[in-house]
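The structures considered in this document are given below.
Across the two complexes that follow, subunit A remains constant while its partner is subunit B and subsequently subunit C.
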Partner chain A sequence: MEPHLVGVLTNIGMIAFVALSAYLLLLVGEISFGQQAFFGIGAYAAGIGTAVLDLPLGLALAIGAIAAAIGQLALALPTFRLRGLYFAMASLAFAEMMRIVLELTQFQVERDGELVGPNGAEGFRGIRYIFERGIEPAEFLLLVAALLAATLALLAVLERSRFGRRLRMVGEDELLAALSGIDVFRTKLAMAAAAGALAGLGGGLYAHASTYIEPRLFDVMLGVHSLAYGLIGGLGTALGPLLGVGLDIGLLESTQMFAGYRMIVFGGLVAVLLIWRPRGLLDERLLHRLARIGRR
Partner chain B sequence: MLTLAGIAKRFGGIEALTGIDLAVPAGSLLGLIGPNGSGKTTLLNVVSGFTAPDAGEVRIGATEVTGWPPHRIARLGVGRTLQHPRVFSRLTVLDNIRGDSRLSAGEAEALLDRFGLSAQRGRLGDELTIGELRRLDLARAVARDPRLLLLDEPAGGLTPSETSAMADLLSREVLPGRTGILIEHKMDLIAALCPCVVVLDFGRRIAEGAPSEVLRRPEVVEAYFGTEGADA
Partner chain C sequence: MRWMLPALLAALISGTTHAADRAEAEVTCLPTRDKLVYDCLVRLTNLQSKAAVAGAEVMVSADMPSMPMAHNVRPVSAAPIRGEPGVYGFRLHLEMQGEWALKIGVNKPFRDLVVRVLEFGPTLVQPKR
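Moving on, here comes the complex of A and B:
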């Protein structure tokens, strides 16, 4: 496969995780502008895992996902009881705070005569696990694709389950969900943990694909994009955010289509869709129609 | 079955409920009537956990549930319909019924059949007429087989023939074997279903008794129609 295409597909796969994390929160009715924080936490934690602590990649990715899940829970616990846009505002503030914390974080150790580890605003160099072990970019793409496919399969099963109905009930009408015996707060917390873990997993993969990360990579633009992917692609299925990532990174960014105007096109697309199809292209109504046609 | 003692609730300067005492014996349906703004829905909100009372005690059976969150009260066996029927508009009618319950698809379909909604099973919640919405709201409330039902104007917005069908549905499918409170402005429905009514006015309990007798009392007439109505 052509190296450029491998790079684009790997990028789509990694960013899909953070888009899915924003999607999971949207499913339960919460808007987050801060998923980049958990992508960043996962990236730093997994990077420290392999580069500083010499852990195997799988374990480092798991640590990254768990650290991000804990981070997301720490944000959700005090803010999910708030009404309206407060969680959205808190998520943005938390993400900016986390970015500044990363800029102040120094945790370097000497390995093979070289300092590795987070070095504040200078970033975190030398996350060389996949290069030191001769893992080819195409092989890494396979790893990303396999993890993404497993995640999507899990979400597909979940969405067809009783728990999946519970999520959509909470997302649409908390009062009615509570009348049905659903503990709205705990359901949202469960989704927060899952959303944090997915963003962290994506971040861990990103750190290893890039070998170098720095705090400014995890700024608000990544959070806004993550949110917009679900709103563009659709909230009716987990494939929606993937479609959104594909349209943005696969079409607008990678092909240089509308070069220089990408953000205008992207922003315009979000604005038009929010008016025309507020729940994105693959929304519940379209999927319902397709299911009806399929049953005929 | 349901006991309220000294329930009080204030919203800012407005006393929504003042010292309400109420007992609904197991297996009976209590009618709760009163003019708009008299505190009927607030009282149901207190029982179902959406509004914590400022004072007083709510007991369901032997369990004191004052201040419990709504989902815990629902899990205790309390079903509730809303004044303005709300369903999950992005879920099918069948999934609205299944919701978070352990009902199988077959059991949910049987329930839909009993509520005359079989033909709508695959439609989304926002594709229903007001009558269908009311029936779905009711079916959703009984899907978890509650022992206590709180019904907030189940015939609101229905035509006379739909109201008659609703009365039939309530007495055939919803009420048997259950305890309940019914809020309703249609007095024919109250008279047909409730052996006893309580009248609220400005958050106070002003009368209790058989519907035919209570509705003739001057204080009840005055609450509904003003002093001229009471004098007439």
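Moving on, here comes the complex of A and C:
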């Protein structure tokens, strides 16, 4: 496979994790503009895991996911009890706060005659696990694809389960869900933890693919995009955000001849889709229709 | 494909090994007459031995830090500059001015990736990080 294509597919896979994390929150009716913060927490924690603490990649990725899940729970606990757009606003504020914390974080140790670890606004260099292990780009893509496939399979099982139906009920009408005996707060907290973990896992993978991370990478743009991917691809299935990422990155890559103007494509795509299909391409209605055709 | 999975699993569960060859990169860029086109030079040295990395296969891509993974330009290969061992030249076609993270990928004689952040202006390019 051409190296550039391997890079593009790896990027699609890594962004898909943060898009899926925003999707999980949308399922329970919460809009988050701050998933980039948990992507960043995961990236820094997993990077520290391998580069500073010499941990195996699998363990470092798990630590990144857990750290991000704890971060998301810390945001969700005080804000999920509130109604309206409080969570959306709080998520944005939290993400900006986290970015500033990362700019102030310095934790470096000497490895092979060089300082590695977070160095505030200068970033975090030397996350070289995949180079030291001789992992080829195609192998790393396989790892990303395997983790993404496992996540999608897990979400497919979850969505077909009783709990999955509860999630959609909570997302549709919290009051009605509560009257039906669903513990709305706990259901939303469970989803917040899962969303944080997914974003953290994506961040951990990104840190290792890039070898260098810095606080500026986890800017609001990434959060807005991750939210938009679900809205483009559709909220009917976990494949929706993946479709959204594929469409956006695919379009951006195939329109490189338009240089900077191609970024307008993304904004235009979101605007048109929100008018034409408010719940995205793969929305619940289309999926029901496809399921009916499948049963015939 | 059959050997890939065991290799990946081993990589996931085994600890870090150090002492692989590492590259150090110093990048300088200058604007050309064409808008948003920059001529750049990268000087590669071995981080441990400080020797120039000659005969390297170098690919350079650029990513905007504010939108990682999505806002990038196609990778270009860097050609060795005659008479200057370890120095490679490449031309970058950017989409806008501002901060760009250059990802300098070395494939030969060893594999490495070095990221350098530069501020690209109309008349000046300044190294940032």
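The rule we apply is simple: the second predicted complex is superposed on the first by the 291 of 296 C-alpha atoms of A that agree within 3 Å, B and C clash if a C-alpha of one lies under 4 Å from a C-alpha of the other, contacts with A are read in each partner's own complex, and residues count from 1 in each chain.
The criterion applied here is as follows: contacts are C-beta pairs under 8 Å (C-beta built on N, C-alpha and C of every residue); 3 or more make two chains touch, one makes a residue touch a chain.
A quick note: this is a predicted structure, and the numbers were derived from the prediction, not measured.
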Would you mind checking whether subunit B and subunit C clash or fit side by side on subunit A after the superposition? fit
Expressed to the nearest 10°, the angle that the Cα centres of subunit B and subunit C make at the Cα centre of subunit A is 170
Per the contact definition in the header, classify A:L142: touching subunit B only (first), subunit C only (second), both, or neither. second
Using the touch definition from the top, say if A:D183 reaches subunit B (first), subunit C (second), both or neither. first
State whether A:M169 touches subunit B only (first), subunit C only (second), both chains, or neither. first
Which holds for A:R296: it touches subunit B only (first), subunit C only (second), both, or neither? neither
With both complexes overlaid on chain A, does A:S210 touch subunit B (first), subunit C (second), both or neither? second
Partner chain(s) touched by A:R83 [first = subunit B, second = subunit C, both, neither]: neither
Please name the chain, subunit B or subunit C, that touches the greater number of residues in subunit A. C
Upon superposition of the two complexes, what minimum C-alpha distance (Å) separates subunit B from subunit C? 32
After superposition on chain A, the subunit A residues reached by both subunit B and subunit C are none
Where on subunit A is subunit C touching in the complex? 3-4, 7, 11, 14-15, 50-51, 54-59, 111-114, 121-123, 125, 128-135, 138-139, 142-143, 146, 206, 210-212, 214, 216-217, 219, 221-222, 225, 248-249, 252, 256, 259-260, 262-263, 266
Looking at the complex, which residues from subunit A come into contact with subunit B? 162, 165-166, 168-169, 172-173, 175-184, 284-285, 288, 292, 295
Residues of subunit C defined as touching subunit A within the complex: 4-5, 7-8, 11-20, 22, 36, 47-48, 59, 61, 65-71, 73-75, 93, 95-96, 99, 101, 103, 111-115, 117, 129
Under the definition above, what is the set of subunit B residues touching subunit A in their complex? 48-50, 69-71, 74-75, 79-80, 82, 86-92, 95, 98-102, 122, 124, 140-141, 144
